[in-house]
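Next up, some structures in structure tokens.
One chain, subunit A, appears in both complexes that follow, with subunit B as partner in the first and subunit C in the second.
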Partner chain A sequence: MSALEIALRLGAWLICTFFVLALAALIHRQLPLGRPALSAVSLILLVIFLTTLFVFLAGLLGLLRADSLAVIGFGGLVLMAAIPPWRKSLQQIPHDLSASVTDLRRFWSSLPRWLRFFSVAAVLASLLRFAFLIWALPPFVWDSLTYHLTNVAHWTQVGRIELFDTPILRIYTPANYEVLATWFTVFLHHDAFVETAGLPAYLLALVAVYACARSLGCSRPASWMGAMAYASTPALLLATTGTKNDPHIAAYYLASLALVLDLAGKRPPVHPRQSLSSLVLLSITLLLAAGTKAYIAHLLPGLALTALLIPGMRRALPHWRARLAEAAQGWRSLAASTRLSLLLLLLGAVLLGGYWNVRNWALTGNPFYPYGVTIEGARIFTGGERTARLNLARLAENLESLADKFGDAAGPIEPDLPETTGWGWFFYGLGLPAALWVGLTRRSFLPSVLGFLLSLLVLMLSIRPSPFNMRYLLWFPAVASLAYACWLDDLPSRPRVLPIVALVAFSVALALNLAMSLNYSRVSLDRFGLVLERPLWERQAALLKLNMPSEYEHAILFAPASEPLGYNVGSNGFIYPLYRADLSQRLVYVPVSESDDCPSIAARMRERGTRYLFVAEGHTPGQIISRVRVCAQDGGSLAEQSRGLYVINAGS
Partner chain B sequence: MSSARKIISRLEFWGLLVASTLLISWYAYPQILFALYPPYELLRLVLPGLLPDLALAANSIWSLPEPPR
Partner chain C sequence: MSSMQEARSRAGAALVVLASLVALAWYGQGQLIYSLAFLYQIAQAVFPALSAFRGGP
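What follows is the complex of A and B.
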């Protein structure tokens, strides 16, 4: 890529970023929440939502190209500037920014001096860590290389969101995260910054925990310490740049909790617009989450329990009826144009929340394809290669597995969380005792604890028992961080040793959390050295030999990028590395069975428009590798060009 | 704050401190090794040749399952 091309592509990215930010600022002004922390949650959420919606609509229309997106973004900016009420609203952005700066100053001056120093150091260290890992390493986490980034690569390559022929049926699952990740690949047509796609969710989760703590009555410093503690959770840190969708679900859950805590704790008189805004944002958050990963549905009972318990079970119904009545009143008070824009916003959320399941239903008869659904033995949806089960036996099995993982004694905390919870030093050392104590002694905190526990139990009714399933629980350590924030405010200031001991323990726990996640607990210095020898644009996922068989490296080195590459992997094999870092390699799936004879394998390759066939140990079924090897022996239909890479024999 | 509440909150603090200490001690092995190993590697990078390579020893204390799932 020439410097001019890079500059033009970055320019297109910048225009589209301005467009999304301006749109988010316009809508943000229409959804007042009355509290700075919630307002920050709302702004980050709107930016994530609008970016996802923008890429999604462009993808459905086949316009996922840097130039097309830049034209849409520029047109959108011109349109906003041309319509008088929108222009007027845009002109208010400097005023809004100045109000935000005032809020930030108030927040900053409320922190004690040591916490300011600590915060600056923690934020700088986190930024450096994130920036280095994003810059240095290509994607390497298992599920990303099988289906998350395979979707991203295919959509970026063809410029359209569509299904494609592949043995990995999980490309059918709800894919709002993948849509957002496409924003980070489509402009440069490269995966150099795709790991950045988790950062908006990380930021949202951090601010949401702060907002939750404020709603629970914690002071600003204590709430900030709780938020920083959650942000240091190793499992969250590793997943954020691990190109997976679980940090997004954690962020949406916590953002929903922040909105629920605010609504549930409100006492009259409440401004009708604030109730309306909270309910609109809650709907958007949950719909966005529904289109990201289905297990958000399993977390909802916990949220609902918190919503009912905070006003008190007896008062819950009138309380929520009052909030709905205020929201209706707020809706009636809006101008027709504002109502229309909010309706369009909700329509976009419904689209992002429902598209994937409705599409799957229409195509396969099962909205949850490729997962069949069974509840206590009764088959609800059939079809697909896997089964999502909801039953008590699974709950027992998962709780037993959680007990085994509790304490992270099995090994280092890696991105896939093998046999570990990934909750880290703060959770086990400080958060857990604080959660137990605060949960038992402070009635105002009990609804949140019970809500978190119910979400955990319902989730454990259904998730597949596996050494790697703790990634679904990234949101859970937030309960300990919130408890710690509540407990901190009651800490006596005399004798001086008390707060000093507490704060030293806090700082050490966070430092240890950060230290253990510096290299994903997986990447050695030598490996970093090998990757960094290559320029940024040539850091291929296929060349990072952490979990990558050498066949992938051979495919990158010996298969011509100008020709389609045929591949055959099983239902959990890596596809993404074959696309190359610049997403230039066209791929076609070549189905092969062990009963196929050699000429029919070659014929199928020709049918699919390729001369090459890629297979890899551990990713392609063994019998298929044997079959292909036989075809390459003794001058058969295929010839082995390099390890795992076969080409149709010129003479066959 | 009344003196009774002050005493209770101090007891609460020391109780939590004891609980924290016990939990951290329980959590510390083997996680302390995994927490200190990456900064140690960084230090080796900054001071080349001065510190021994502990990669083999580090790898020998755990054996975790590998995907696929």
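What follows is the complex of A and C.
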């Protein structure tokens, strides 16, 4: 890529970023929440939502190209500036910004001096860590290389969101995260910054925990310490730049909790617009989550329990009826144009929340394809290669497995969380004792604890027992962070030794959390050195030998990028590294069975428009590798060009 | 706050702080070596003399 091309592509990205930010600012003004922390949650959420919607709509229309997106973004900005009420609203942005700066100053001045120093150090260290890991390493986490990023690469390559022929049926699963990740690849047509796609969710989760703590009555410094503690959770840190969708679900769950805590704790008089705003944002958050990963549905009972318990079970119904009545009143008070814009916003959320499942239903008869659904032995949806089960036996098995992982003693905390929870030093060392204490002594905190526990139990009714399943629980350590924030406010200042020991322990726990996540507990210093020897644009996932068989490196080095590359992997094999970092390699799936004879394998390759066939140990079924090897022996239909890469024999 | 409440609050806080220290020590048994492993690698690179010490993480 020439410098001019990079500059043009970055320019397109900048225009579209301005467009999304301006749109988010416009809508943000229509959804007043009355509290700075919630207002920040709302703004971050709207930016994530609108970015996802923008890419999604462009993808459905086949316009996922930097130039097309730039034209749409520029046109959108011109339109906003041309319509008088929108222009007027845009002109208010500096005023809104200055109000936000005032809020930030108030927040900052509320922090004790030591906490300001600590916060600056923690934020700088986190920023440097994120920036370095995103810049230095290509994607390498297992599920990303099988299906998350495979979707992203295909869509970026063809400029359209579509299904494609592949043995990995999980490309059918709800993919709002992948849509957002496409925002980070489509402009540069490269994956150099794709790991950034988790950062908006990380930020949302951080601010949401702060907003939750404030709703629970914690002071600003205590709430901020709770939020920082949650943000230091190793499992969350590792997943954020691990190109997976779980941090997004954690963020949406916590943002929903922040909105629920605010609504459930409101006492009259309540401004009708605030109830309306909270309910609209709650709907958007949950719909966005539904289109990201289905397990958000399993977390909802916990949220609902918190919503019922905070006003009190007997007062819950009138409380929520009052909130709905206020929202209706707020709706009636809106101008017609504002109502229309909010309706369009909700329509977009319904689209992002429902598209994937409706599409799957229409195509396969099962909205949850490729997962069949079984509840206590009764088959609800059939079809697909996997089964999602909901039953008590699974709950027992998962709780037993959680007990084994509890304490993270089995090994280092890696991105896939093998046999560990990944909850880290703060959760176990400080958060858990505080949660036990606050849960027992502070009645107002109990609804949140019970809500978290119910979400955990319902989730454990269904998740597949596996050494790697704790990634579904990234949201859970937040309960300990919230408890710690509540406990801090009750911490007596005398004798001095108590707060001093507590705060030293807090600082040490956060520092150790950060230390253990510096290199994903996987990448050695030497490996970093090898990767950094390559220029940014040539840091290929296929060349990072952490979990990558050498066949992938051979494919990158010896298969011509100008020709389609045929591949055959199993249902959990890596596809993404074959696309190359610049997403230039065209791929075609070549189905092979062990009963195929050599001429028919070669014929199928020709039929699919490729001369090459890629297979890899551990990713392609062993019998297929043996079959292909046989075909390459003694001048058969195929010849082995390099390890794992076969080419049709010129003479065959 | 009455002196009784104050004493109870202090005792509660002391209990949580103590429990935290115990919990940190318990967690550290399994995780300390992994948590410091990469920092140790960096330290070794910066101060090669550290490599002379055996038994590091």
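Here is the rule we use: the second predicted complex is superposed on the first by the 652 of 652 C-alpha atoms of A that agree within 3 Å, B and C clash if a C-alpha of one lies under 4 Å from a C-alpha of the other, contacts with A are read in each partner's own complex, and residues count from 1 in each chain.
Just so it is clear, a residue touches a chain if its C-beta (ideal position, glycine included) is under 8 Å from a C-beta of that chain, and two chains touch if they have at least 3 such contacts.
These numbers were taken from a predicted model, which means no experiment stands behind them.
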item	value
Partner chain in contact with A:413 - subunit B first, subunit C second, else both or neither	both
First (subunit B), second (subunit C), both or neither touched by A:393	neither
Which of subunit B and subunit C A:519 touches, first, second, both or neither	both
Contacts of A:572 with subunit B and subunit C, given as first, second, both or neither	first
First, second, both or neither for A:81, with subunit B first and subunit C second	neither
Residues of subunit A touched, compared between subunit B and subunit C (which is higher)	B
Partner chain(s) touched by A:430 [first = subunit B, second = subunit C, both, neither]	both
Touching both subunit B and subunit C, residues of subunit A	407-413, 425, 428-430, 432-434, 436-437, 441, 487, 490-492, 498, 501-502, 505, 509, 512, 515-516, 518-519, 521, 524-525
Contacting residues of subunit C [partner subunit A, same complex]	6, 9-10, 12-17, 19-21, 23-24, 26-32, 34-39, 41-42, 45
Complex contacts: residues of subunit A adjacent to subunit C	407-413, 425, 428-430, 432-434, 436-437, 441, 487, 490-492, 494-495, 498, 501-502, 505, 508-509, 512, 515-516, 518-519, 521, 524-525
Parts of subunit B lying in touch with subunit A, wherever the complex brings them together	1, 6, 9-10, 12-13, 15-17, 19-20, 23-24, 26-27, 29-32, 34-36, 38-39, 41-42, 44-45, 55, 62-69
Residues on subunit A engaged by subunit B in the complex (per definition of touch)	142, 407-414, 416, 418-419, 425, 428-430, 432-434, 436-437, 441, 466-468, 487, 490-492, 498, 501-502, 505, 509, 512-513, 515-519, 521, 524-525, 547, 572-573, 618
